[in-house]
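Same chain, two partners: subunit A is paired with subunit B first, then with subunit C.
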Partner chain A sequence: MKFILKRIGTLIITLVIISFLSFLAFSFIPGDAAVANLGMDADEAAVEALREELGLNRPVVVQYGDWLLSALQGDFGESTQYHLPVSELVAKRLPATVTLALYSMVLICVISFPLGMLGTNKPGGAVDTAMTVLSQIGMAVPQFFLGILLTFFFGIVLNWFTVGGYVSPQEDMAGFLSFLILPAVAVAVPKCATMTRYIRNAVVAQKKMDYVRTARGKGNSEKRILLNHVLINVMMPVVTMLAMMAADVLAGSIVVEQVFNIPGLGRLLITSISNRDYPVVQAIVVYIASTVVIMNTIADILYQKLDPRVR
Partner chain B sequence: MPLLDIKNLKIAFQVKKDTDGLFQMLGEQEVVHGIDLSLEKGQIIGLVGESGSGKSVSSLSILKLLPEDAKITADTMCFDGIDLLSQTEEEWQTLRGDRISMVFQEPMTSLNPVLTIEKQVEEGLLLHEEETYKDNKELRRERVLEVLAEAGLSHPEELLLKYPHQLSGGMRQRVMIAIAMMNRPELLIADEPTTALDAATQEIILELLKYYCETYKTAILFISHDLSLVARLCDRVLVLKNGKVVERGTKEEIFYRPQQEYTRQLMAAAKGKQLAGESIINAGQVGAEESNDTPDTKPNNTAIPLLQLKNATIEYREKTFFGKEKVTTAVKNVSFELYKGEVLGLVGESGSGKSTISKALTGLLPLTKGELIRAEGTEAPRMVFQDPYGSLNPAKKIGWILEEPLKIQGGYTKEERKRLVRAALKEVELEEAHAKRYVRELSGGQRQRVAIAAALIQKPEIVILDEPVSALDVTVQGQILELLYRLKEEHGMSYLFVSHDMNVIRRVCDRVIVLYQGEIAETGTTADVFERPEHPYTKELLRNNMDVHEQKEKSI
Partner chain C sequence: MKKKLNHNLIIGYFLIALVMLMAVVGLFYTPYPVNEMNVLLKNQPPSFAHLFGTDQFGRDIFSRVMEGASTSFFIALCVVLVGAGIGTLTGAITAYFGGWLDAVLMRVNDVLAAFPSVLLAICFVAVIGPGTYNLIVALGIVFIPSFTRVVRSEVLVQKELDYVRNAKLMGAKNLRILVFHILPNIKPVLKTSLLVGFQNAVLSEAGMSYLGLGVTQPDPSLGRMLSEAQGFLWNAPWYALAPGLTILALTLGLGLVTSDKE
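What follows is the complex of A and B.
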């Protein structure tokens, strides 16, 4: 329990530091919301007046403190391009991105574990070598290219879905979920390849350990050894790896959202950056950072639960 | 018909033979060249030899626990009439753990680190008596407690939910034995079951094995490199060398009338007066006597000690989250001096504070109380560790490893460094070509030589040797000890020799400090401590390290 409290403490400190750094970064970039809003040719006085109104003239630390205080109450400011509350904007885009990420993570777990264990009975054997080749290919394919391939094949050749025909979950939940399958596959495939390889290597390494010999000496079958002895030992490094992958999946979905034309956070982020819509960018940066940090925290806590030696 | 009947057992491994680069040829290397072995019900046979003699490989082949690339052939290989060579994988699974069991050398790594003791012990029941035990947790637990208690674990109910790392080495090995004995096997193969344990625990494990043999008529194949252990336990003995049986006979024949030179060597080693070691003892004693005239080698009161520890107390503090501290006292009020040219022994079981003291002397650990005084101009001691495989970087070549301390120290040109590395290799009797090898390409003895060279390259005055020969075979032990002695004489160094092995201590040390639970139990010259031990703990240590001779007389 103490350990968990401590982890949550570090988590909060990390988030504050990240949000401050991103705030600081925006203040160094030339051009601000006032210029972006009124256009490059706007009257200097008008720009100055808007700056005054938006509070952009104050020192960065004061602006940050202001932002932090309202953010803690759930108010992330107002988007300078849409003139809507940031929280509302983000909330609207969140379901697509979160669903996509969750989908991908589920796919990664469901696919990598069985594939990773396949062929480990005979390292260097035919099955093992085939898996190695397969995972090399999977790792090498870029996500956007895979997205285009999938769209072409399932959307245009097989005509299973309308290209770019995103439906929001409010309109049609089933349609929303089935639409996201292909993007999720595009995000997951390269990760699956990495994960499969990682699990395979971990299993092969664990199988050389003395305790496996003991288990064999007790009369265990290879399958029982894998499931009852090796798997739990493999889980420990894999959990950490999965948490790191969650961050990657988030980054991957930003690219894939572009390819499949999904109105998620990734697209919002890109338009906001080009329009210098800093309140929105700031909110998304904090969101991504918190996801990553929270995932890592969960992994640490899980690790603690899995490994009696660090308890 | 014997229980186990093996004739002309040969084992070969596939090896990759390097040809010119692109292609690797697969070849076979035979490591066991035709061993005959038979074992009756209730009999204990000892298989003795150094590592590389094929004793472990042979014993693992009986349960077919060797890696896949091992090729096992034999004229006969039968267990209770079952032809072991033609067993299918399923048939093996019914045999292993039920009729034939095995206990391994290192109980820590041989147990699954993340499963509870209960889970690991009860597995044998679930595998071999599934109908009875599968749905009856109560019955299962009852049986688990029973075997744990039988293996000599008091309060077994407290162990059930513990994990291997929470147990001591001796308890872990008892758990291993309990696991192996769960289904009352007819044959128990024990592969160096006591090597990783201290002397007192060794004794207990031997007693336990004897008990099983007498109670259940379990036949035991006991594998060891230590003849004195085999003498205490076994009825018959096979001496193995390079994959062949060089001598076999009853215990009495082997100990009273050894026919082979190799057997005599092993025996001498076990007695702590091995031929190679002989010179060390003598030389050491001669050195001590001569030193009456040369005051700089004599640890007398007027000489200034190189290193002095005064009333040292060392505590480990663990900080919990809310600032509370958990304090463990590892060393309590310990004082001693180390003089120039002397070998000071630090003896004790694991947990006695030996390692803590050596860490403190090298500056790796601060003293909580007390003082550490080094004579003027003396640098911090260098260290040689027990396990050279773990303490040398596997990704670097030997040359790089030896060169590194010189680079850190600075002040040498590249050529000078290379020259010093070559000189150091020569000092430890290795070839120049070894500089281009990796750690994994060396034998255990060669690795320890590298570790010694790495410590010596900066010409230290004090070297701390932390169990430097514990992981080595007896003959290699002798060579390393001899090397250490020669280097000490040539360079006028002082050693702090840390070990749990009284035989080794007796062979090399001028003075001895016996540590017990972080405190000095006894201290004196080696002769005094060994001939006239005062503290009961010292007596116990010595009794456990008793000579083969005395054992032999007792047991015959």
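What follows is the complex of A and C.
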């Protein structure tokens, strides 16, 4: 319990630092909202008056406190490009990104475990070597290039889906889910490759342990040893690794959304940057970073709960 | 087992050398001027005159890939130098001296590490603007924490070993111990993380340029070529293949060499 409280304490401090840094970074950008609203050659007095009205002439720390208080109530200000509340914009784009990330995580789990254990009966054998080569290629391929290749083969050569034909979940749930499969593959493949490699190395290392020899001596089959003995011991580091991967998966979706033209958080982030819509950028950055930190904390706590040796 | 690993190493070095050759030659010579447009030769398929075909403005893709490869190499190299340089320095100093400096810098490091690297790079570019040098600064900062962590954990182990105590007894100064005694001993680990860092830097540069947050027009960049090529997948699929496969060759080569070092 003490451990959990301590972890949550660190979490809160990290979250505050993250939000403060993001806030600070965007307050350094020359040209504030007052100038942006009135134009470059506006009257100096008018700009000053608007600054006063928007509260931009107060110290950064005060402005941050204000922003944090309203952010905690779900109010992230107003987008300067759409003139809509930021929270509304983000909420609208969230389902696509979250679904894409979840899809990718499921793919990573489903694919990496069997592939990682494949060929571990004979390290260095033909199957193991083939898996090594495959995972090397998988780790090296950029997600967006993979996305383009998938678009080409499945969208243009085979014509299985409409290129850029995203449908929102409100319109057509099945269409939405099936459209996101290929983007999820593009996000997941490099991570699958890393994970497969990681599981393979862990399994090979575990198989050299004494308890495996004992299990073999008791007459267990190789399959039983792998599934009932080795896998449990491999599970712990793998769960941590998966939680850390969640960050990469979210970051990967930012890029892959661009490839498949999916209106998710990533696309909103990129368009907001080119339109200098900083309230939106700020909110998305804080949102993604916080998600990552919270996930890591949950993984830490779970890890500690699952494995008494860590306590 | 040993022999198979050597296979990986040979293929890896070959792939790196291939892209490096393209990049180095691209600095001095390209078959066509990279920005020369030719309306009559729009979206031509690969031929002997244009090895990788031409793009939507009739520019020679092979020449652009060559120059894009040198841009990628240059940026990745600078990023790794910035990241590894500052990262090694902070990692070594915090681990060796400890104290409040260690505590503060490690906290900062933790916060930086909390951001997914692409997101952090995007943030920096959003603040300082795109462009080759801004991208180097942004990615360089993003790459610091991983090097700091690696070097710090290595130095923490090394500084307790007997040879460091011996050197101290003989009156060697702290700086001398760090540079001439500890550094050579963490070299193998540092080498591997340099290679991994270089691979990540190539991938990040390509990704950022693909998103339009990296190298700006008219400089050719492999990542931006891919995003332009995406609009011509229907009638010129080779356009996307050329820069994509070049990035893949480089990252795969680096990956194979790294896996051998492990």
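Details
Following the convention adopted for this analysis, the second predicted complex is superposed on the first by the 288 of 311 C-alpha atoms of A that agree within 3 Å, B and C clash if a C-alpha of one lies under 4 Å from a C-alpha of the other, contacts with A are read in each partner's own complex, and residues count from 1 in each chain.
Throughout what follows, a residue touches a chain if its C-beta (ideal position, glycine included) is under 8 Å from a C-beta of that chain, and two chains touch if they have at least 3 such contacts.
As the structure is a prediction and not an experimental result, all values here were calculated from the model.
With the C-alpha superposition on subunit A as described, subunit C and subunit B clash in the combined arrangement. Of the two partner chains, subunit B is the only one touched by A:3; subunit C is not. In the overlay built on the shared chain, the residue A:281 is in contact with subunit C alone; subunit B does not reach it.
Touch criterion met: A:218 reaches subunit B, while subunit C stays clear of it. Once the two complexes are overlaid on the shared chain, A:21 sits against subunit C while remaining clear of subunit B.
Put subunit B and subunit C next to each other and count what each touches on subunit A; the higher total goes to C. Of all the stretches 132-140, 168-176, 186-194 or 222-230 given for subunit C, the clashing one with respect to subunit B is 168-176.
Subunit B makes touch with subunit A in their complex at residues 63, 65, 68, 89-90, 92-98, 101-102, 104, 106, 109-115, 123-124, 127-128, 163, 165-166, 176, 179-180, 320-322.
Touching subunit A in their complex are the following residues of subunit C: 1, 4, 8, 107, 110-111, 114-119, 122-127, 199, 203, 206-207, 210-213, 223, 226-227, 229-230, 233-234, 237, 240, 244, 247-248, 251-252, 254-256, 259. Interface residues of subunit A, counted against subunit B in their complex, comprise 2-3, 5-6, 122, 209-211, 213-222, 224, 228-229, 232-233, 236, 306-309.
Within the complex formed with subunit C, the residues of subunit A that make contact are 14, 17-18, 21-22, 25-26, 28-29, 123-124, 129, 132, 136-137, 139-145, 148-149, 151-152, 155-156, 163, 247-248, 250-252, 254-255, 258-259, 269-270, 273-274, 281, 285, 288-289, 292-293, 296.
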